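Heads up: the structure comes next, in structure tokens.
All chains are identified by letter, namely A, B, C and D, in their written order; residue positions are counted from 1 within each chain.
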Amino acid sequence: MTAGGAEGRLPAKRTRSGGYNRRVEIKAHEIRHRVLYAETDQMGVVYYANYLIWMEMGRVEYCRAAGVRYRDMEKEDGVLLTVAEANCRFLSPAYYDEEIAIRTWVGRAHARMVQFNYEMRNIADARLLAAGYTKHVFCDRSMKPSKLPARYRPLFGLET
Amino acid sequence: MTAGGAEGRLPAKRTRSGGYNRRVEIKAHEIRHRVLYAETDQMGVVYYANYLIWMEMGRVEYCRAAGVRYRDMEKEDGVLLTVAEANCRFLSPAYYDEEIAIRTWVGRAHARMVQFNYEMRNIADARLLAAGYTKHVFCDRSMKPSKLPARYRPLFGLET
Amino acid sequence: MTAGGAEGRLPAKRTRSGGYNRRVEIKAHEIRHRVLYAETDQMGVVYYANYLIWMEMGRVEYCRAAGVRYRDMEKEDGVLLTVAEANCRFLSPAYYDEEIAIRTWVGRAHARMVQFNYEMRNIADARLLAAGYTKHVFCDRSMKPSKLPARYRPLFGLET
Amino acid sequence: MTAGGAEGRLPAKRTRSGGYNRRVEIKAHEIRHRVLYAETDQMGVVYYANYLIWMEMGRVEYCRAAGVRYRDMEKEDGVLLTVAEANCRFLSPAYYDEEIAIRTWVGRAHARMVQFNYEMRNIADARLLAAGYTKHVFCDRSMKPSKLPARYRPLFGLET
């Protein structure tokens, strides 16, 4: 696994196959985002639904850093990551024009689903703004759940 | 033309065909919308891009009132209304939880394009909030410009 | 409690105060929403962050049906419902132009927080699209957690 | 004027004051943006209202490149740039995951208003996606139109 995360290594995933263990290293990937005026609301803070967009930004770039364009996965191989659940805890408000770090890693995965975890921090003061996860089911072009093709499994820390 | 607008008649469109005029009545259609928290920004007013979403709401309901579901037009007949231009003048701010009237009518149209006009008012005090237009090019499923099929022409005040 | 929900009664809340029980009836409130083009993504379904906006629509109208404008609560009494957590499980995709019912009720509440629960259904076929909750902390104008003023407690099924 | 634009010089602005001309150089500023899934609609292209958000991104970074944080201008000096008009012509669709260049420059300005112009291009093939402008009125904290304080005038190519 070659995910180009900027951060320390997360606990390695173990997958068991044919009687031996192969460790697949999963690292978190981090991106930066500047809070837009469009993202604030009249409370003067970022509107809560926008954190789910930040999560999207995080997981797309996680994939790219790992060598996979989500667009190609969808277009060329018809693999859709439909969202089954999203959760976010809001710990500290984010303000206009602040620079945010969005850290993304694979929480758990198997051939039919993957969970991404996220942490969002204010870069200037390292304040933790929010933490959450999204669970995804791999689907084919007709939106039917299906097994992730082998070539994409390393992306999520799975053996092929 | 049976557009179910609540408002007075707009200047009639004339279309010329085979040497005689047939007048097609076009009426404005009006819908209501309650300003969401999500739509405000930290200035305490509605963020400007949201007015373009209100315009979408207006024109979809204009079509429905005229007896055409835009979804069917797109799905069944492959007619896409791609947006070629959008314009909005912001005259007075809109605030959270205010009820807004969005009035929509066809400005001009021919077989290859249509312009919708919009006015957005605060219902409580009749304040004009914004006015604008969108210009659309009729396209087929492959996003190529194409003539509007005859059956949809009355929707836009055009002769078949 | 006079919440104007269209639906059946939810399990009553009990709150204990001074040695006797007063039952406060809580009913769900339901609103309708037509899926916008703006809300879809290229997968042809509603983008997942928009469900959190639907939840906002649901809880604001829940409050209004119960006789409280959220805007007044915020403006006049400086009571802010900051979001502490949001969760949504996506069960079936929602499509453009479908009419959706958003059902909202108070899950649990005390003087410092309230949880709203939501169910979103396709009206035409009663398909359950999504279910989730949001947890809110009552804050004052300076965004500090604070106890909900007594006059608003019945809104959330709490004794004054 | 030291705007850190990456691009060629735009036609210089002349402002006349006390009988002599001082030329203030205005340069365009360019930023990059990767199209999000959230920004697409079911037509498979970027939903039109999102271009107005891209314009916001462009003008905020234009200001920052010129040495002014819009946030500080708003917070510290109570200068609000309310939007009076927005216009966008959509020339070629933008697709998911494409990298976009947003080029921003001051079209014209005086002490009471400023117009920003924008061009949005696909970076890979230099395709012009959209072009437009926004007109802004300088307001004070109470949202009343007011003259731009002298210290901010160079930002918009104006003499102090």
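Rule of thumb we're sticking to: contacts are C-beta pairs under 8 Å (C-beta built on N, C-alpha and C of every residue); 3 or more make two chains touch, one makes a residue touch a chain.
Keep in mind the model is a prediction, meaning the values are calculated, not measured.
Enquirer: What is the chain whose Cα centroid lies farthest from the Cα centroid of chain C?
Expert: D
Enquirer: Would you mind telling me which chain pair, A-B or B-D, is linked by more contacting C-beta pairs?
Expert: Taking the two pairs in turn, the one with more contacts turns out to be B-D.
Enquirer: Would you kindly tell me how far, in whole Å, the mean C-alpha position of chain D lies from that of chain A?
Expert: Roughly 32 Å, centre to centre.
Enquirer: What whole-Å value do you get for the distance between chain A and chain B if each is reduced to the mean of its CA atoms?
Expert: Taking the average C-alpha coordinate of chain A and of chain B, the gap between them is 38 Å.
Enquirer: Determine the centre-to-centre distance between chain B and chain D, using the mean Cα coordinates as centres, and give it in whole Å.
Expert: 28
Enquirer: Pull out every residue in chain C that's touching 2 or more other chains.
Expert: 37-38, 43, 49, 53, 56, 96 - these are the residues of chain C that touch more than one other chain.
Enquirer: So in the complex, the part of chain A that touches chain B is made up of which residues?
Expert: Going through chain A, the ones touching chain B are 37-38, 40-45, 47, 49, 96.
Enquirer: Touching chain A in the complex: which residues of chain C?
Expert: It is residues 43, 48-50, 52-53, 56, 80, 82-90, 93, 134, 143 of chain C that touch chain A.
Enquirer: Please output the residues of chain A touching chain D within their complex, sorted ascending.
Expert: Residues in contact with chain D: 34, 36-38, 53, 56-57, 60, 69-71, 96-97.
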